[in-house]
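Some structures are shown below for you to check.
Presented sequentially are two complexes of chain A, the first with chain B as partner and the second with chain C.
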Partner chain A sequence: MCDFLSEDEFDLVVELMNIGVGKSAASLSQIANEEVILNVPMLEFLSLEEAARAFEDRLPNSLTGVRQSFSGFFSGKAALLFPESRSLDLVNVMLGEDGLDVEVDAELEEEALSELGNILLNNCLSTISNMLDKPLNTLLPDTFHTNPSLLTDQLVTRNDSGTVIMLLKIDFTLKSRDLAGHLVFVIDLTENGSFKSTLQDYLKGLEEG
Partner chain B sequence: MKNLIPIDVLLSSFGNIEGGIIILSPEGKVVYLNDWILDHGMMHSDDYTNKPLEDVFLGKVSKQLLDSVHNAAALSLSRVLSHKIHKDILPLYRDKHSSVRLPLNISALVSPLKGGNGILIRIVDYTSLVKREQQIRINESLLTIERNYFKKASDPGVTLEGFIASLIDDISWNVSSISIRMSFINENSVFRYPENISSDSLSRSEKMVQNKESEEGSLSSAVEALSIEHKTRLSLLEFSDKHTKAAVEFVKNSEHILDVSFDKTVIKIKDIILSLIEWKISYEKLTYMASHDELTGLYNRSSLVEKFEAYQNDIEQTGFGHISLFFVDLNKFKQINDEFGHLFGDKVLIKVSQRIQKCLASGDTAYRMGGDEFLVMRKDAQPDGYVDTLKAKISSPFLCGSEVVSISSSVGRACYPKDGLSLDELIHLADKAMYSEK
Partner chain C sequence: MPLKILLVDDSKVSRLALSKGLRKLDDSLEICEAASADAAELLLKEKTVDLALIDYNMPDRNGLELAEVLLTSYPDIKLTLVTANIQDTIRDKAVSMGVDFIAKPARPEELAKVIGV
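What follows is the complex of A and B.
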C-alpha cells in the first residue's frame, strides 16, 4: 500500500466514505422498499502498479461497471464494479423482478444499473465535498464491461506517478441476498492536486475547533 | 438567455435523440423547453420562461427530479433517473389531448452545465424503445414458430386438430398481449380451440359459415361486418379446400398495446395460421393419397407393406400373435366390364369395397391390390367362418345405376407365422389358395 496519506488523513477518508456509503444505503433502501445494508470492510490507497495487481488478484473475471468522472479539488474517475453475472441481478433484486419485462429489456436495464451506481458514487463524492466544504462536480455516469487486466487502462487517463487509486470493497446485503461490489476512485493528483492539503486543512480545523 | 447557453450547439448535438430537453437557469427556473416536451407535457400554457419547474408542470414533478436539480445546482452533481426505477418523473403522455392518456416511460438525465451556467435535463422516452424491442421479439418468435410448424406439418403422427391446438398455444405463449380463439370448420364438423372459450361473435360466424349465409365470395366481408358490429377482431380464414374454413377472433389482453401494433401483429399471426394450416391440410391429403387407393378409398398396396411390418414387429416383440391374410378376387368381373363399360365397372368396385369394409372388425384393414383383387388383413388367427361371411357379404345383390348386380368372389387365405414368414410368401400362398378354389 502506498504511503500517500498519513494515518490521520487515512482515517478521515475512511470516515467520509463510511458516511457516503451510509447515505447511499438509505437512498437504495428507499428504492428497494426494504432495508439495504452496505458496509465498507476495507479501504486502501494504491499506486498504479499495485492497483493493476490488486485488480487481477481480487476482481472477478468479467466485470460490469458504472463509471463517472468528477472534477474539483480532486479530479479523476470513480467506478463501481460488479461481477458481470450479477450486475443485472442487482437491478432485479433492487426493483423486484417484474416477470415479463425482465428479459425484454435487459439492455435497457443497464441504465437502471447506471442510476444505482450514480447514487453510490454521488453520495460518496458529495459527502466528501460537503464535509470538506470544497466544490466537486460530476458528469453523467455510463456503464461498461471489462475485465480486470484492462481496467487500469479504461479508468486511468494519464499513466504517471501522479495517479493514486483508492479502492474500496463494498458488501451489499438486501432481500436476504448478498452481493459484493468494488468502488474504485482513480485520483489524479497532478491536476488541481489539493486533495491531501484539503484533508490536512480539515484536520487542522478539527484540532483548532 | 443569450449568454447563458448556446442552444443551437446543444440541440444539434442531441439531434439524433428523440426526446425532451429542458434547460434551467442556475436558480432552477425554466429557460427552454424543446418541442417534444411541449407536445407531450401537461402544462398550463406554453409560456414557461422563468418559472420554476414545478409551476410549469402543474406541480407534478417527482421529488427525485427536484432533488436532482437541486443537487446539480448546489453541488454540480450529475444524476440519472432511470425509467426502471422511477415512475411519474414528469407529467408526459403519449397523446396528451386524448381522453385515455398513456403516461410515457421516461428516464431523466440531469447534468449541470459547465461553469454553473444552468442545468440541462434530457428526457429519454423508453416507451417506444421498449415497445419496439418487444415487437422485434414477437416477430422473431413468430418466425421461429413458422419454421418449426412448417416442419411439423409433414409429421403424419400429428393430427390436424393437434396441430392447430399446439400452434395456437405456441403463438399465444409468445405473444402474450393477444388471445386467440379459433373455430375450425370442415363441412359440418367444428373444432374449437381453446375448447371451453367461445364468444357470441365467434359462434355467430360459425353458423354463418355452416349455413352458407352469404355467397362464397362475400362470406369473408360478412364476417368482417360481424366483427365491426360486435366491436371485436374477427377474421375468416379461407383455405384452398372450399369446404374448410376457420373463424379466428383476436382479443387484446392489455390496454397498453397500441392499436397500430395490435393490427400489424394480428395480420401477421393470421397469415401464419392460414399458411401453416394450409400446409398441414395439404400434407394430410398427400399422406392420404400416398397410402390409399384413389378409386375405392381402401388402403393401397404400399401401405400393406408398412402395416404388415408394424404388426410383425409387435408379434416378434411380444412373442405371440398371428396375422391372417385373405386374398379376395371377384369372379367374372371382366364380363361386367365388357358388358357395361369401365365406368360401370368402377362403380361396382366401389360398392364391393364398401361391402368389404363392412366386414372389418376394429384393427382389420382392407387393401385394393389392383384390378379386382382385394386383401383383408386381420391381426388375429383366422376365426372359423370368416371367409364365408366375407363371400356372403360381397355376393349379396345390389343396385348399381339401374342394374341389379350380384357378384361372387373367391377367397384364399394364409397365416403368419404358421404358413410363411415374409409378406410376399404369404400373398403368394393366399393367391394360390384363391385360384385353386376358383
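What follows is the complex of A and C.
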C-alpha cells in the first residue's frame, strides 16, 4: 500500500476525505444551486519531484486558486483550483446572476474565489476534525495565480530531498456551467508525528465498538 | 421599526451574499457592514443595531473574541456566528457563550429564523 500507512489507515484517510469533500460539495451545490459531480479521490504518497510531475500531467495550465494552511494532528496546505479563464464564473456562482448592484472587477473576482475557498476548504477540514475529535487550526485563505509546474513550491512548506507528501486530489464539476475545479491537499508526512497515531486511535475505537 | 443588522466579515463577497439573502427575506432590513472586529466596534459607537452576524476566521481578532467584547459592552445585541469553520469546538464555545451558530453557506431558513420572519 505505502510505507507510511497500513491498508486500514489508508482506507480511513480516503474515507475521511470522501466525507469531508462531500460536505464541501454539498455546500457548493447549495451556493450554486445545482448538482456537483465529484470524481473518485486520488490519494498518493509522493516525493516532491513526483508531485510536481503529477500536477503537470493532471492539471490545466494557468490556474487561479485559493490555498489555506492548517495545522494540528496533521499539517499542510489545502488548495481549491480553477482554470484562470473561469474566474468571472466564480463571482456568478457566489453571488448569483440576478441583478447584483455591484461592479464586477478583478478585486471582486479575487474576493469571490477567496470566500469560495474559505467555505469549501474549511467545511472539509472541519468535518474531518469533528470525525476524529481533534481540533485543527486553519489560517486565513489567500488567493494565488499559478501554473502546474510551480504548484509544488506553493503548497509545500519544506523543500528538501527527503520530504514525502500525501497528495489527495479530487476533481469536481458544476455540470450546467461546464465548470471544473480541483481540490488538492498536500500533507508533509515527514512532519506529522501525530497523524498516524490519530488514525490508529480512531480505528482502535471502531474495533472496540 | 425595521430590524437593524450588522454584518462583520472580512470578505466583501460574503457580506454581499449575506446581505442579498437577508433582503430577499425582508427588504425593510437596515443592514450595515464592517470588515473587521475593530471596524465593528468603531461602527457600534455611532450606530445601534439589534443583531450582529459575525464571521469567525478574520484577521487580527476572530469572531468569538469580538463576540466576547460585544456581550459585555452591548448586551442587548443578539449575536450569531456565521462561519465555514464548523468544528464542534467552535460551535460549542459559541453556544456556551449564548451566541447562535450558522454554518456557511447560510441557508435561507436559518437566516429567517435569526431575523424572526
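As a convention for this text, the second predicted complex is superposed on the first by the 158 of 209 C-alpha atoms of A that agree within 3 Å, B and C clash if a C-alpha of one lies under 4 Å from a C-alpha of the other, contacts with A are read in each partner's own complex, and residues count from 1 in each chain.
The definition used in the following text is that a residue touches a chain if its C-beta (ideal position, glycine included) is under 8 Å from a C-beta of that chain, and two chains touch if they have at least 3 such contacts.
Predicted model, so just to flag it, every value in this text is computed and none were measured.
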Clash or fit, chain B versus chain C on superposed chain A: clash
First (chain B), second (chain C), both or neither touched by A:D8: neither
First (chain B), second (chain C), both or neither touched by A:E49: neither
Partner chain(s) touched by A:L95 [first = chain B, second = chain C, both, neither]: both
First (chain B), second (chain C), both or neither touched by A:E35: neither
Which of chain B and chain C A:T127 touches, first, second, both or neither: second
A:N118 touches, of chain B and chain C: first, second, both or neither? both
Touched partner set for A:T138, first chain B, second chain C, both or neither: both
Candidates 110-118, 254-262 or 272-280 of chain B: the single one with C-alpha clashes against chain C: 110-118
Intersection of chain A interface sets (partners chain B, chain C): 31, 91, 94-95, 100, 107-108, 111-112, 114-115, 118, 122, 126, 129-130, 135-136, 138, 140
Interfacial residue positions of chain A with respect to chain B in the complex: 31, 68, 72, 91, 94-95, 100-101, 104-105, 107-109, 111-112, 114-115, 118, 122, 125-126, 129-130, 135-141
In the complex with chain A, residue positions of chain C that touch it: 10-14, 16-17, 20, 57-59, 83-89, 103-105, 107
Chain C-facing residues of chain A, complex: 27, 30-31, 91, 94-96, 100, 102, 107-108, 111-112, 114-115, 118-123, 126-127, 129-130, 133, 135-136, 138, 140
Interfacial residue positions of chain B with respect to chain A in the complex: 71, 75-85, 107, 109, 111-112, 126, 129-130, 133-134, 137, 176
